[in-house]
Amino acid sequence: MKLSLIAAKICSAVPEGKGDVEIKSISSPKLAEVDDITFLSDPKYKEQIDCSGAGAVIVKKGVVFPGKICLEVDDPYLGYALTAQLFEDASPLFGDGIHKSAFVDPSAKIDASVSIGPGTVIGADVHIGANTRIDANCVIERSTRIGESVRIDSGAVIRYGTIIGSDVLIQSGAVIGSDGFGNAKSGAQFVRIPCFGIVIIEDGAEIGACVTIDRGNFEPTVIGKGVKLDNLIHLAHNVEIGANTAIAAQTGISGSTRVGERVIIAGQVGFVGHIEIGDDSFVGAKSGVSKDVKPKAKITGYPARDFMTMRRIEACMSELPDLLKEVKRLKTELESLKNAANATSV
Amino acid sequence: MKLSLIAAKICSAVPEGKGDVEIKSISSPKLAEVDDITFLSDPKYKEQIDCSGAGAVIVKKGVVFPGKICLEVDDPYLGYALTAQLFEDASPLFGDGIHKSAFVDPSAKIDASVSIGPGTVIGADVHIGANTRIDANCVIERSTRIGESVRIDSGAVIRYGTIIGSDVLIQSGAVIGSDGFGNAKSGAQFVRIPCFGIVIIEDGAEIGACVTIDRGNFEPTVIGKGVKLDNLIHLAHNVEIGANTAIAAQTGISGSTRVGERVIIAGQVGFVGHIEIGDDSFVGAKSGVSKDVKPKAKITGYPARDFMTMRRIEACMSELPDLLKEVKRLKTELESLKNAANATSV
Amino acid sequence: MKLSLIAAKICSAVPEGKGDVEIKSISSPKLAEVDDITFLSDPKYKEQIDCSGAGAVIVKKGVVFPGKICLEVDDPYLGYALTAQLFEDASPLFGDGIHKSAFVDPSAKIDASVSIGPGTVIGADVHIGANTRIDANCVIERSTRIGESVRIDSGAVIRYGTIIGSDVLIQSGAVIGSDGFGNAKSGAQFVRIPCFGIVIIEDGAEIGACVTIDRGNFEPTVIGKGVKLDNLIHLAHNVEIGANTAIAAQTGISGSTRVGERVIIAGQVGFVGHIEIGDDSFVGAKSGVSKDVKPKAKITGYPARDFMTMRRIEACMSELPDLLKEVKRLKTELESLKNAANATSV
């Protein structure tokens, strides 16, 4: 790939006479070779790049590596991401078109550019937009709508009625549209409550491997634009995730909780149902969140508290055994002081 | 659907002359329209129903909505669940019968009323009872027994020898009968212990998406009647879950632990192995349970403690930084008081 | 199976004249019958064995059960594991060879002894070694390498380029080689970072059901020799797990963290990225680990601390409500003592 193409993608100037240099691939600061491009997103990797054979480097404006071509940008990490996308092989893993071992219901409307892998099942009344790629042994149940340039990896299950926008990525083993966990009681027995709702996944959202997203009831479960979900996350019925929110692995969100936009949620967090998590908030790993969270709040712990408060509490916990001894000592001293005072006063 | 049919299902009287009113669907208090039925399970939704166009409402005995047909019951939430079941479309997603792209071993015994979706694999010596529905790309391994009116959603894997009762629901991505995590040691190396046991899922139990249930060893892993499991739960080998117990998402239970009947377990809880969780107990979210739990106990936290005790401890934790300062101050004061006393006594 | 065969496998002497005794199966101390062999790995099961009809028992050297054949070994639990392996039926669940409903790309190189179950999909340029068994509805994506005597259970997904050694076991629903969770930011929007790396699973490793292992970036994610992973574990991109380490269910490890050899990690633990977990360390259940862990360290809690320290802190937490009251009382007493002292001094 010509350097000029990369420069155009990342909005960098091309050093004079270097536009036609051929770059074979992108690599890490440590491993890059002469026909590779790499990136300096953290000064600590400077020495690795100095020592590596990297021919080209994406750098922050003003940074220089003598003898290497430098593409200067405002944010080299973003430059790296965009360049990596250029080098990504996004071609279907099992070839173009509909594989002969796939089953596609005759009523499905599938753009001619779609690829569908072996063993994949497409139900009745499914619509799939241009350039979408569905790999092997997936199931797309009836009446699902899938936009353009969507990637659905092998083994994902999209249950009936799901609406998926464009540029969405759904990884292997994910289950979209499972039943919600709703039960009434009749004496000691639970009575299942069927869910009359769907899941909506908006443009640009990404769903990790073995994520489960329950369908809504009456109203939909909604994954907003550009949301990023890591692996093994559980989202219950009627959860709403606002645009550009990111959630790390193994987090679970109970029914009807609404997470705002641009929220960052770390791994293994749990949320009770029916609460609101404000825009631009941050929730630390393993937190248990049982109340509304204000916009821009930074919370952690279980029960979740303000981040700095929680850090102080955690620090104090280490002193707890000493504190108990100290209080016991104070008590004894106070006692003897009282006795002495009594003796004096007598 | 005629109102009289709904009334019969939920054991409500039919207001005079209204039995033949046609109800199109069930809807939420907020969204219900004139030919919908809705329900008032919590007084806070009263206003929504007043404002909605709902033609009929399931209410607690004595509650009245002027201009709307009211079906009076003891428990409107139960009435709602039962009515929702009436409106549920339980027909197979991929048509009746055995799909031509399914593989069914010739030795399997399958009732004529069973539906098996595309790409589903049925192993040797599998028996499947009447009205059971298995959707697409499932695997039912050899010698599995499945009762009547079972629903197995697309992509579920039922491993060999599993015994499933009637009216069971197993959601997509669930794995039933995986190997237990048992290892002996030979020097530094682990030596795998094969499991000679099965999983039994009793009548009316429901298993969420991507739940994993390990097969037992010598004796079975048992999911009791009417048990409800949310998504992404892990049950290890030889776990037993008593009847009518409900477990929320992402909880894990280690080997040979026995959970009683009518237990409620919240999300992301962990249990060590070989303990007993008493009937009618309650375990709060994110708890870590390492000891037996008494019947009717209500515990939470890690290590899990009595619910009220834990709430008190949590409240105290917030005061910990102030407490440390206070004790330091007391110490200083006590010191100066001692010095003063000494000075006086001299 | 002849007793002599079992004795040979577990390196035990055969009691005189008993080598030809036929053993039908291995069973538990409680259930063993006359033609079964069982084991005494814990003295508490001695009575069960006395009462059982077990014909033969694997025991620690010197232990005697009158009337039963005793095979003496150094470690009866290891003896049990090895004997159980002898009795395990490891034959393919769906017959030998490549099932007619499987799809195998013509460019795949598959040993004649391999079994591939119904509905399984094998991509281009996949190599599979002798005696490997892949059950139903699996996906093995292109350019994957699989060694000898590997077992891949129904419904597992092995994504492109994965390298799997020999004697590896991958359970149902596992996803190997999912994309890493890496994102740059462009304003409020995330920009996905494609991963240019693979997953390597070394000889003898075992991967539980619904485990997700992300592919590395530039360098591989590595699961070392003999590693044992329980169910529903998440390993992020570029994680490395050292040989003979065992990890219990629902644990998650963030990107680039390196876990040493012979480490024991309990369930529901979370690790931040880019840290080192030393050889032979132990991490307690539900811990949150955010710093390097020294070799042989034993830690637990969140934030994780030395095991004994954490136990002391936990014990102190129970006393916290009383401590607060005590300090308040001390304060009052001190106050009155000061007042008394002031009064005296006046």
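Labels A, B and C are assigned to the chains in the order they are written; within every chain, residues are numbered from 1.
Criterion: a residue touches a chain if its C-beta (ideal position, glycine included) is under 8 Å from a C-beta of that chain, and two chains touch if they have at least 3 such contacts.
A quick note: this is a predicted structure, and the numbers were derived from the prediction, not measured.
A.B. asks: Line, ring, star, complete or other: which one describes how these chains touch?
C.D. replies: Per interface graph, the chains form a complete graph.
A.B. asks: In terms of residue numbering, is the interface formed by subunit A and subunit B classified as same (over half shared) or different (under half shared)?
C.D. replies: Both copies touch with mostly different residues.
A.B. asks: Round to the nearest whole Å and give the separation of the Cα centres of subunit A and subunit B.
C.D. replies: 26
A.B. asks: So which stretches of subunit C touch two or more other chains?
C.D. replies: In subunit C, 119, 137, 155, 173, 210, 232, 250, 268, 317, 320, 323, 327, 330, 334, 337, 341, 344 touch at least two other chains.
A.B. asks: Within the complex, which stretch of subunit C touches subunit B?
C.D. replies: Within the complex, subunit C touches subunit B at residues 25-28, 30-31, 75, 77-78, 80-82, 84-85, 87-88, 93-94, 99, 101, 117-119, 135-137, 153-155, 169, 171-173, 204, 206, 208-210, 226, 228, 230-232, 243-244, 246, 248-250, 261-262, 267-268, 285-286, 314, 317-318, 320-321, 323-324, 327, 330-331, 334, 337-338, 341, 344-345.
A.B. asks: Along subunit A, where are the residues that touch subunit B in the complex?
C.D. replies: 103, 105, 119, 121, 123-124, 137-139, 141-142, 155, 157, 159-160, 173, 175, 178-179, 181-186, 188-194, 196, 210, 212, 214, 217-219, 232, 234, 236, 250, 252, 254, 268, 270, 272, 288, 290, 302-303, 305, 309, 312-313, 316-317, 319-320, 323, 326-327, 330, 333-334, 337, 340-341, 344
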